[in-house]
Amino acid sequence: GCQKADASSDTIKIGGSFDLTGEAAQYGIATSNGVKLAIDEYNANGGVLGKQIEFILEDNKASQVDATNAFKKLVDNNKVIGFIGSDISSTTETIANLAAEKNIPMITPTGTKLGITTIGPNIFRACYVDPAQGELLAKFATEDLKAQTAAIMINSEQDYSTGIAEAFEAAFTAEGGTVVEKVNYGKNDVDFKPILANIKNANADVVVIPDYYETIATLITQAREIGITSTCIGGDGWDGVTEKTVNNPEVVEGSYFVNHYTVEDDAVIVQDFISNYKATYDAEPNAFAALGYDAAKILIEAIKTCESTEADAITAAMQNTSLDCVTGHITFDENRNPVKSVSVIEIKEGQNTLYKKLDAVK
Amino acid sequence: MKNKNKSLIILGSLLLTYLFLMIGLSLGMINSYFSGVIVAILINVIMASSLTLVTGYLGELVLGHAGFMAVGAYTSALITMNLDLSAALEFPIALLCGGAFAAFIGILIGIPALRLRGDYLGIITLGFGEIIRIVLNNLKVTNGAKGLSGIPSYSNFTVTFFVTIVIVTAFYLLIKSRHGRAIIAIRENEIATDCVGICTFYYKTFAFAIAAFFAGIGGGLYAHYLQVLSPSSFGFLNSIEYLIIVVLGGMGSLSGTIIAAIVLGVLNEVLRAFSEYRMLIYSLVLISMMVCKAKGITVGLILDKLGLKNKLKFRGKQNISIGKEG
Amino acid sequence: MALLEVHKMSVNFGGIKPVSELDLQIEEGELIGLIGPNGAGKTTVFNLLTGVYTPTEGSITFNGERIDRLKTHQIVKKGITRTFQNIRLFKQMTVIDNVKVAFNNRLKYSPLEGILHLPRYKKEEAWLEEEAMKLLKIFELDKYAYELSMNLPYGKQRKLEIARALAGSPKLLLLDEPAAGMNPNETNELMQTIKLIRDQFNMTILLIEHDMNLVMSICERLVVIDYGMVIARGTPSEIQNNEKVIGAYLGQA
Amino acid sequence: MDYGILLMQQILNGLHIGSIYALIALGYTMVYGIVKLINFAHGDIMMVGAYIAFMMITAFNLPLPIAIIISMASCALIGMGIEKVAYKPLRNAPRMWALITAIGVSFFLETLFTILFGASSKPFPTLSLAPIQIGALQISQIMMISIGLSVFLMIALELFIKETKLGKAMRAASEDAKAAALMGISVNKTISIAFAIGSALGAIGGILFAMAYPQIKPLMGVMPGLKAFIAAVLGGIGILPGAMLGGFLLGIIESITKGFLSAFWPDASLWADAILFLILILVLLLKPAGILGKNVREKV
Amino acid sequence: MLKVEKLNVYYGNIHALKEISFEVQKGEIVTLIGANGAGKTSTLQAISGMIKASSGAITLKGKPITYEEAHKLVPLGMAHVPEGRRVFAQMSVEENLELGAYTIKDKKQIASDIEKMYKRFPRLKERRKQLAGTMSGGEQQMLAMARALMSRPEMILMDEPSMGLAPILVQEIFEIIKEINADGTTVLLVEQNANRALQIAHRAYVLETGEIVLSGEGKDLLSNEQVKKAYLGA
């Protein structure tokens, strides 16, 4: 239906769009659950600026056209004043173009592609960019794992994976290591044994696998099966992998990944988030959920601070964010990428345990 | 005489539609969301009507139509991103080049592929479509999996509206010409077509190239509407989407194709609010529409039954004869 | 020189040799019947003449040109058209469009002219409509012109096939069992039509038919084949009394 | 590096995934053979089979063989049900119509299972059978089961179709349903049986797939379904030995490009699917009816 | 044996059969003659269940079969040689014959019947392994006939069995029809070769645009002026 603009609306409308039914729906759903949790918590505490927050969620099934329509609908029909989304980089970038044009403050929880936030001064993100993770991993591999050789496995159809891999290679070489093997695979692959044979032969100190947990679970199981014993490391996409390997936890034992937060963090906000999320969705929150939660929090806090629903004011307030979040204390740099600490997670006895915390990198 | 009047009426109603929509747009009654949905639907109309030339009129199964769209989209986007001309100049150039390059690829693919028939052709076009996508995913100029961004936003409502009208009209007229008749004849009986002296291979390739040309233009509009491109938007499922429109529209019926594109486009938007349940409803609607179609239940028939065409005499089970082959 | 000259033509389908070393000559203007038992290879001869199959051996010369390696549509352009034993119409096209398709080679306008309705398109299409109607009239199909061809009864479909074959303005017309599925009365009518088109268009016709009444009364010459080979040639009366033909084909009447 | 060993290992890998493609392709072919329908939902039936087995094992604690049997039986029923509801009404319609319905069914199953079980993957309990080591080669036991099963089922089905009365009735019904009915063949029954067999095969394929790559999720059937379809075409659509051959070939081509070729050409796996499709295209251009397909010319 | 009452058939809006009624007694040969498109094929198809009657009643041996599915009629003793032959093109000649005997359980009987058919049509024996679709028109016609006989029907419907056959075989076919009739099979025959059909038929009906306009004994109709003029090409 076509509604008339209603300036004196009695709710504050925030829009969101994620892939809820497409090929990456599991990630989109987790992220949107995190967003919803945060908003529900605010509403339970009286909302913001004395009004309840109305979160309007639109599916985009990972399609750029659908993302466009969804965003325009939220802005034109629902008159949202801020936007959270999307999950994967392609739809996020599509929306960012529109958000910049329409000047709607926007924050993406998980859109990691480098160029997204520079599209407009009103585009923010809650996650770190791909290159940052790659650099961190390289540093960690050389300094903590004392690795001299590395093999990289790249999902060549995913910019998240290629982005981290490229940065890792550059940084790792700069630190004096050698990348002895690089193999590519596609996003739909399930049979990794052919490419793993090469990884096995390379016998590197570390194997870098920047991908998301579902692929990791399948991949690493096969890697161990054919006898690869190298330490495996990866990025935030790994969070959740332990759940997928409950039947054979030994395959991920001793792997490391960099993450936004750790369940072991005893900060109140983290522990509350974990218990509330479990209570609401009956599932473990992974990094996607945490980032969704934080993204919502950042946007709402900005509204609160500037005491306005006006776009420029919100944008300015977001730029000045300095907030304790589930994924750490967040401020933004001039490109609206978050500056926050990083947790290195070690998988021990099938659990994510904090190995160490790294300082915020830029 | 009758034909002239008819086309005048059609032309008039098109202009009226346009004016009506434009006025709505400028008065803010129709917002950018609706115009965006309309643009997306129009692009689907172009894609589906170009596909129906091959699938509906020529009768061949094509499962890689999105590949041609991708070729057109990337070509035209690269042109406008690299040319430094005024929009009014570079956009038409880009669209035509996109179409031409897609047609070129279409011929390149068509020449070997069209030696096959039926499901074999279907799978081979699927293969070529995927190859196109993989090439885009691995080329430097197309920026690989990261895709292109920063494409100028040229495909506004007016441009898309008129390009669509021109394309659909061209299709309509083409079908009514000797070339169109030859294409339909091939669908009906290839051997007989050969035996009346028509080089079936030439006309098949011709149909394929024309379809690819217009799909390329559709792709150009798409690129300049979304402003970003990534290879994953041109996968197998996208090709399937156009095929659904074509079949639902009645295969070899342009008006049907247009209606189906609109119905599915609107359905997609209406169902968006149902999130997880959206595809469930969509698929059920799809299945029931096809089943109804097969049982001969159409809007016309329902009107018939409601007595709007008066005769309500029920004649029991009828033998509805339909061609066996699609 | 003969219009059509077939010299030692054979074809082989993985062991089966439906036509072997067949010789055949047809002069311009003749009306010849090709008869023989079922499976003798008559239809296969038609398929070879029209390039649907390619002969494994031998030559076909038409109008002084070798045509045995040409593709079907090229042969049609040289002037041979045919009908089919199992009717092959463009079922979902109208009757008149069935004929119009066959005129395709005689039209010259380009796709662009067609789309833009340029003068040549208009001129040629108008001519086409007229010519197609003329042809349909000959076969009394004009009143069905805008019906779908698949809705015609069987006998009318056969006639439409002949009309379509004529639209290519052939020099040689091949008819495969044109009277099959017609009752004697309809067969008589068809005979008149065949005579008529031959006189009107001065056509050379080769026809396959099992209806002896038709064959004997309108063909000037008959060629009888069995197992892919010619077993007899001659006038209808000669053939009717040929012992070999009676034994293999006609039977004791 | 010993390339010979690598190549052998890759061929073995290829045979494994290939045998799963083959099983799914056999199911495809059963259905295609009788209704000439490219059953796009077949990959999803495979997913359904895997989920049912998963439930049997995790929720009801049933042993694997029983879970497999229940899963096959339920998939057979589901396949028959789908045929009745979604395909039967379109039996006399143009073939492409049924194709669209199949796509609809595919979307339906995918979404239904997403709603029921969530979009994210579930770890599937594997048999932890140690791989057999022969020299430098590793052979997993699941792989041997898959290969053995697909060869066995292919032979059994081929005999069924070629030699039994019911099999012949199926072929007749697929050519001309009305004429088949005139012989006293119940076309509906034959088609139901074909769908039941095809879907049960899909279920086995799904379970083997889930055991080899131990994650199941609602979209897991899409890719193997597509690959199986390609395999069926490669081998000659409608021909059972062709489907199996196509499946094995596809698996081997995939693993050789990704695992062996890439030792010489690092980007090979980027182009793996393109190479696969190119080979497919070349094969079809040389043999337009697939490797084992006979190009029967239409009698004019 | 067979009774058709007030049968109506529609194709969409085409009223192809209008209130047709006729009967075939046990042991008879009855023929339907009529021009192209008169509705002969439609009549046979409605009887054997290939198309659905819109209204009317058909009984076989006193049992109503109007809406019975086609495949259930074969066990009741009905066989149909359809128009256009409709052999199973991708199957061998022999397999086609085996399918003709689909409802027969006795394997020995099937084997001996196949031999019988081969004796009748030696051409089929020559080509027993050939795919039926590649056979010539006439050969397919023989096969269609033989296939229908394989079920040892009590009642056989034949739609232009002599179409496309060489004269010598046309004689043969009519001999066979007489033969099987003598063996006790009831025959409902549609023929364009009206002359021959009326000669062997006990009774005949003349169909014109979906209606029965004339009926009588075969011999009588043969000398009927109207029939002569319209169908016999006198």
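By written order: A, B, C, D and E. Residues from 1 in each chain.
Note that in this section a contact is a pair of C-beta atoms (placed from the backbone, for glycine too) under 8 Å apart; a residue touches a chain by one contact, two chains touch by 3 or more.
Remember, predicted model here, so these are calculated numbers, not experimental data.
Q: Would you pick out the chains that touch subunit A and also touch subunit B?
A: D
Q: Which chains, if any, touch subunit A and subunit C both?
A: Touching subunit A as well as subunit C, we find B, D.
Q: From the centre of subunit B, which chain's CA centre is farthest?
A: E
Q: Name the chain whose C-alpha centroid is most distant from the C-alpha centroid of subunit D.
A: C
Q: In angstrom, rounded to a whole number, how far apart do the mean CA points of subunit D and subunit E lie?
A: Whole-Å distance between the two chain centres: 43.
Q: So how far apart, in whole Å, are subunit B and subunit C when each is placed at the average of its C-alpha atoms?
A: Each chain reduced to its C-alpha mean, subunit B and subunit C end up 40 Å apart.
Q: Could you work out how far the Cα centre of subunit B sits from that of subunit E, in whole Å?
A: Computed value for the inter-centroid distance: 48 Å.
Q: Roughly how far is subunit B from subunit D, going centre to centre by Cα mean, in whole Å?
A: Measuring from centre to centre gives 31 Å for this pair.
Q: For subunit D, what residues touch not just one other chain but two or more?
A: Subunit D, residues with two or more chain partners: 111, 114, 267, 270, 273, 298, 300.
Q: Considering subunit C alone, which of its residues make contact with at least two other chains?
A: Touching at least two other chains: 43, 52, 84, 86.
Q: By the touch rule stated above, which residues of subunit E touch at least two different other chains?
A: Only 134-135 qualify.
Q: Which residues, counting only subunit B, touch subunit D once they are in their complex?
A: So the residues of subunit B touching subunit D come out as 55, 61, 112-113, 115-117, 119-120, 122-124, 126-128, 130-131, 134-135, 137-138, 191, 236, 240, 243-244, 247-248, 251, 276-277, 279-280, 282-284, 286-287, 290-291, 293-295, 322-326.
Q: In their shared complex, at which residues does subunit A touch subunit D?
A: 21, 23, 25-26, 29-30, 156, 182-186, 188, 190-191, 193-198, 201, 214, 217-218, 221-222, 225-227, 243-248
Q: Going by the contact rule at the top, pick out the subunit D residues touching subunit B in the complex.
A: 38, 85-86, 89-90, 92-101, 103-108, 110-112, 114-115, 226, 229-230, 233, 237, 267, 270-271, 273-274, 277-278, 280-281, 284-285, 288-290, 298, 300
Q: Would you tell me which residues of subunit B are touching subunit A in their complex?
A: Answer in residue numbers: 29, 31-34, 36-37, 40, 137-138, 144-147, 149, 153, 222, 225-228, 230-233, 268-269, 272-273, 275-276, 278-279.
Q: Can you list the subunit D residues touching subunit C in their complex?
A: Touch list, subunit D to subunit C: 300.
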